[in-house]
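To keep things simple, chains are lettered A, B, C and D as they appear, and every chain counts its residues starting from 1.
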Amino acid sequence: MVQQSIQTTELRNQLLHSYETTRMMTNTLVEPLETEDYTIQSIPDVSPPKWHMAHTTWFFETFILKEYSESYRSFHEEFDYLFNSYYESVGSFFPRHSRGLLSRPSIDKVRRYRKDIDEEITRLINEADEAILIEIADLIEIGLHHEQQHQELLMTDIKYNFSINPLKPIYRELDSIETAKASPIEWLSFEGGLVETGINEGNGFSFDNERPVHKVWLEPFELASRTVTNGEYLAFIEDGGYKRAEFWLSDGWSTVKNQAWEAPLHWENKDGEWYNFTLHGLVPINKEEPVTHISYYEAEAYASWAGKRLPTEAEWEVAVRDQPIEGNFVEDGVYHPVASVKKGEGQLQKAYGDVWEWTKSPYMPYPGNKPLDGALGEYNAKFMSSQMILRGGSCVTSQSHIRPSYRNFFAPDKRWQFTGIRLAGDVE
Amino acid sequence: MVQQSIQTTELRNQLLHSYETTRMMTNTLVEPLETEDYTIQSIPDVSPPKWHMAHTTWFFETFILKEYSESYRSFHEEFDYLFNSYYESVGSFFPRHSRGLLSRPSIDKVRRYRKDIDEEITRLINEADEAILIEIADLIEIGLHHEQQHQELLMTDIKYNFSINPLKPIYRELDSIETAKASPIEWLSFEGGLVETGINEGNGFSFDNERPVHKVWLEPFELASRTVTNGEYLAFIEDGGYKRAEFWLSDGWSTVKNQAWEAPLHWENKDGEWYNFTLHGLVPINKEEPVTHISYYEAEAYASWAGKRLPTEAEWEVAVRDQPIEGNFVEDGVYHPVASVKKGEGQLQKAYGDVWEWTKSPYMPYPGNKPLDGALGEYNAKFMSSQMILRGGSCVTSQSHIRPSYRNFFAPDKRWQFTGIRLAGDVE
Amino acid sequence: MVQQSIQTTELRNQLLHSYETTRMMTNTLVEPLETEDYTIQSIPDVSPPKWHMAHTTWFFETFILKEYSESYRSFHEEFDYLFNSYYESVGSFFPRHSRGLLSRPSIDKVRRYRKDIDEEITRLINEADEAILIEIADLIEIGLHHEQQHQELLMTDIKYNFSINPLKPIYRELDSIETAKASPIEWLSFEGGLVETGINEGNGFSFDNERPVHKVWLEPFELASRTVTNGEYLAFIEDGGYKRAEFWLSDGWSTVKNQAWEAPLHWENKDGEWYNFTLHGLVPINKEEPVTHISYYEAEAYASWAGKRLPTEAEWEVAVRDQPIEGNFVEDGVYHPVASVKKGEGQLQKAYGDVWEWTKSPYMPYPGNKPLDGALGEYNAKFMSSQMILRGGSCVTSQSHIRPSYRNFFAPDKRWQFTGIRLAGDVE
Amino acid sequence: MVQQSIQTTELRNQLLHSYETTRMMTNTLVEPLETEDYTIQSIPDVSPPKWHMAHTTWFFETFILKEYSESYRSFHEEFDYLFNSYYESVGSFFPRHSRGLLSRPSIDKVRRYRKDIDEEITRLINEADEAILIEIADLIEIGLHHEQQHQELLMTDIKYNFSINPLKPIYRELDSIETAKASPIEWLSFEGGLVETGINEGNGFSFDNERPVHKVWLEPFELASRTVTNGEYLAFIEDGGYKRAEFWLSDGWSTVKNQAWEAPLHWENKDGEWYNFTLHGLVPINKEEPVTHISYYEAEAYASWAGKRLPTEAEWEVAVRDQPIEGNFVEDGVYHPVASVKKGEGQLQKAYGDVWEWTKSPYMPYPGNKPLDGALGEYNAKFMSSQMILRGGSCVTSQSHIRPSYRNFFAPDKRWQFTGIRLAGDVE
């Protein structure tokens, strides 16, 4: 009993700490914004910053306070409609593509909403009895991982919103410019065989889509020691990459033509020189940096041009899972990938952070997978069609958010995330 | 010489006065807004409030300062691209339908822009020699009339932006609710014949599209003493007005079906009762008020249902031009049409203010009309296709802006302006 | 009584004759087609040839047989749905833009339909008693004018359908190529004043939209002796006509950019030379021929470039109405405009035939105009918005179909009709 | 040497025989069509019958005659542009969605084209020397399998074209109506483990996408003995299947709402009763027949409602590959699925024919897969994104075309093929 309460107290403290830290991180990330920046939505894919701030709050309100708090009173009855993203079983929701048409609630009101819910959650953590505490601990954990996902979107959405503005706003000035050179690519071999990937419950936090551990047969394969650089990608462009159908999937080629793609997103050609729109402004392309803001179609076409292929998600996971989770993350405050420098002979560089790595695996449930019960079952499972898996996290992912089994996913034409390429190959 | 300088001084003072008054009116109208309200654009037809504030400023900068001021330095080189509306001969411009995607410049920066240009214009008025002063006087006058037009759009755009927000923001609370009853319609007869309409230069300010005076033959006609009320329009709705093709132009009927129109814009049906979204919030329909926010198609269909027709612009002008310019204008601070009460036997009521009155006249140049020279020739002339004339001003028009010859014009499907119906008929 | 029966017999014979002649003309025009040509619809504006053939037949069936024939039995119950064009008061109709998706009824079946209805109409004409005969005489007349309108559309629709086929099918080979030179333009002056235009019932056939005679005030004006040639239009193109916004209405300029217009419809540039797709195949541009297949926007822009303007419909009618109705019509079998050669000093050339002449008059009802009663009231009146008047007929109009008061109308962006330009000007 | 020539003669005869048989099958299938039916394309997914007939011919012309025949002369130089479907490396091609806008070439000309190419191919088979013969044998085989694929599309495209016609044309009358009852579903268990699927070259004809044999790990699973019936699917509909988001993938649910789906394609509800548009006309739903014309989204939603799942393609292949290739195929001339009757205890029914069975496997390359060299490498590989695998063939597939390793694929929203559902489940 005494021992239990010590554990309970520890759990309370740990929850309070991670809740406060994660929620504060959101506030830190929006600090450079002006009031007007919180409201706009420059394409349907992105959401206004204030929407992210309210939606992550709505998540705690809806899945925790409404269920477990007696003192809870609805902050505003329309917020359920405005800030539900896509949970059909919770109720109807405001159309996603129109989120940028709403000036109200103002960011001040959204901040009050966050504060109000934060106080309620804090009180609940402090006051819940042990049984409830254990129950809500899981929900708070998922709510915080959810918030971290939206922190990443916040950064890529701000970047996109700024990019289409002729004034080219700067999110944050960079003190110094990185000058490292990327190490040459090495090819690391893996023997494959009947392996296991995925994760089971009870081994730290995981989303339902990463579960369960399951067997996969892999042929021997090789993986590049680092991701493709801007310089390498430029060679593809200069070899007519965007003009030769032969490298492209049929859907990819249609997209290239319809969208008039000639380079990665956020690249701009001025008088024959390529520039890169970054969160620190428009800068000349750095050839040593990992290429980023490319679609699956472009990753696939590049691999085809290079005579290689993308890895499967199982290959990636098997190759990477013994690496330490280190890299260039959102906590580093760079918000841009940096050149990959060799760590040692025959080692994978930058498996985590910098850029998400497209795999050739469509996003499908693992054998034996069970989505969560209730509304949270909609979190991941219903998106399992026509999307591709990405692995490893990026320069705007939280270090505490990523892990070997983590499955990110986007449609094959999306480019506004920090996405890149690590090549793989067959070994005969 | 002495006399001249007195006149010049008077001109200077008068320009300074009207410049300051009109520019300040814009500031007054946006006072109730929150910072976020300045940035949004809920449909392509409307513009963000801060865009109106910057564009009207750009107008003075471009057509006056750039030409006549020696001290003038560009406030921001991109503003020419951002705040040119449609003047092809001035240069390229940011796409109209994307104006709401720009968080920068912030409203603070736009206010500094306004202040900066105001100072430059004031200095120019104060310091210009007599010859220049006379030249810029005309341009300042057109700039101020231009600003008044955008003040009207500001109000209708704010209204539209607010209307689509589930939170139904209120622009300004109303102290008291109007309770007057509309007088019964009387039919006033006019004999027509060979009349003159339009205006010539030198008779007070006019836009180029109102000129010159020209002859028109009119058959005898009659005009309703007041505009159609909500109550009368409701009878049209209840008689199946939006369900019976027989009353509608072919394009109008397609629009009714494609847009699923069932009532004027800003009407909402809750449990069988009609409500009206106004700048003071959502209120029950007042049957005595003039119906507003209807398209030309609806005006035409209503007239057809009522066995009447819309007037031509020449009929309207001939009938109205001896009336005093009185009515419910933006200066009255009501921002909504009010019931029309009889002024005296056989008199036209509310020819000005309250609601713009659709005419059956397509917007075309008058015989002998000459657009202005230079870029300002684009102000009006190039829009002369597929638009219909409206007359009389509305509850968000400035009293000093309207006159008998004033020609407003919109495409026949537009409804977000304060537009209404005055019926006409043939007299045999 | 005896005298009456002679008149009746004459009326019967005359109706039989014109019915047979006009209906046969349709058959003659489709003779060069292959079976597959009858079914396609290459853009929503055009209709499949077999649809025109069935719809004109449906017109007689619906407005005459259903009302007046006792022996009439419906040929096929679905035909009312399939071949009603736009008469809302008759019933619902198959969507216009999908007419080309229907392989059935086959053209054989449509021919049987035509034959069946022709027999019924013929029997009705032969057997109707005098009172009925007089009643149906008007309806047959309108039905035949309707058929003539569709004969014109048949030709322009076939031309469009053929034009988009890479095989460039030829409708009919031309025996010889015309080589005449266009006469120089002369400017003919007209004094204007208070004139009358339009027509009253009882003065030969007219559509309801041409009625009644009404007064119009005209300032003095001048009219070009002939229409603009390809050579003259080419000078406009070569002077940057399609690249300089200054000449264009705002809607026109948008259309130029959105549709990537660089020349009239059916012009093709191969290695720097302009070719013209005609009903006799692809031929080099003949500079002497009237320019055709241009929109109102292009006509207006050309006039602006030329320092002139388009005539109003009243100016056109007043200037032309004393001319004989002569010209290059569908009966001539050329199906293409030919060079305009001077007839005599100070004479208007080619007022009729060759190309429809855009006027600057929007299509609106004349003062005192009354549409027909019943469903036929939908024939013209409901299209009176956002369309412009054309006058004079074209090389695929029937000579017996055109007259001074005839009002054709199309939206200002349409180009697939044989449309051209006659310039006008003010006379001071 | 002698022996070789006997083998060569045999090969020649066998090629002549299969070429003639397969090509003739196409002619047989189009026999019921009227001339107009050959030209239309009612949605972008379908192609006009004459296009299929010409494109399959172009395939032989392009990949065999152009390469191997000395006597070959191009039949028509534009046909390469018109009848290339999607081979970028062959050259440009006419836009797919506009195939129905071309009346020419006429079906007569297309028949002459087929005849001409047939004669050339026959001559080549007869006259080629042994080395060439062996080379072209593979190409002819792929050309004939290609033709069989288009025969299937021909039938589903004709069905779709007919379905949207209000006249509801009948492809072929049925002599008698099937009345069998579907046997109850049995669940057959399979143990899984490390299995091999796919096929290697040299084991009869296969497409490149079926190769090579490769290892896959399968958990134990069960498979339904037969496919889902109309009756079972109706229960899903009546339980609100199309109105409850909970069963659907997110993309599927959007499609249901945007397309207003309420039932499978070709189902029609008249006065509360469901009818099925078939190639023999509109008939009441037969509850015993396999449900067909459903999308992957619907198959997945049904499985979710039923508490089961779809099989993977590896599960399907392992379970089915020892079954005889028997069933209801295009050769049976029924062109519609028929009720599935039990063959014996614990046996899979109807693994082949009737309806293609959606699997939950996205269409991706097998490990170690190599597309064909040259233009034929575009046949399959470039479509490997955002499509799902179907297995087993349908009632309009040729019996000689299908095999255990055969991979069909369509986007998850497509419904115009004869597609159905066989449920699977996990076995614990």
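Here is the rule we use: a contact is a pair of C-beta atoms (placed from the backbone, for glycine too) under 8 Å apart; a residue touches a chain by one contact, two chains touch by 3 or more.
For clarity, every value in this text was computed on a predicted model and none was experimentally measured.
Common neighbours of chain A and chain D: there are none. Chain centres were defined as the mean of their Cα atoms; on that basis the chain farthest from chain D turns out to be B. Work out the mean CA point of chain B and of chain C, and you get 39 Å between them. Centre-to-centre spacing of chain A and chain C amounts to 61 Å, using the average Cα coordinate of each chain.
Chain C and chain D have CA centres that are 48 Å apart. Annotation for chain B: no residues touch two or more other chains. In the complex of the two chains, the chain A residues touching chain D come out as 86, 88-89, 194, 214-217, 219, 245-246, 248-253, 296-297, 300, 360-362, 364, 367-368, 382-386, 412, 426. The residues of chain B lying in touch with chain A in their complex are 34-42, 78, 81-82, 94, 98, 100-107, 161, 164-167, 169.
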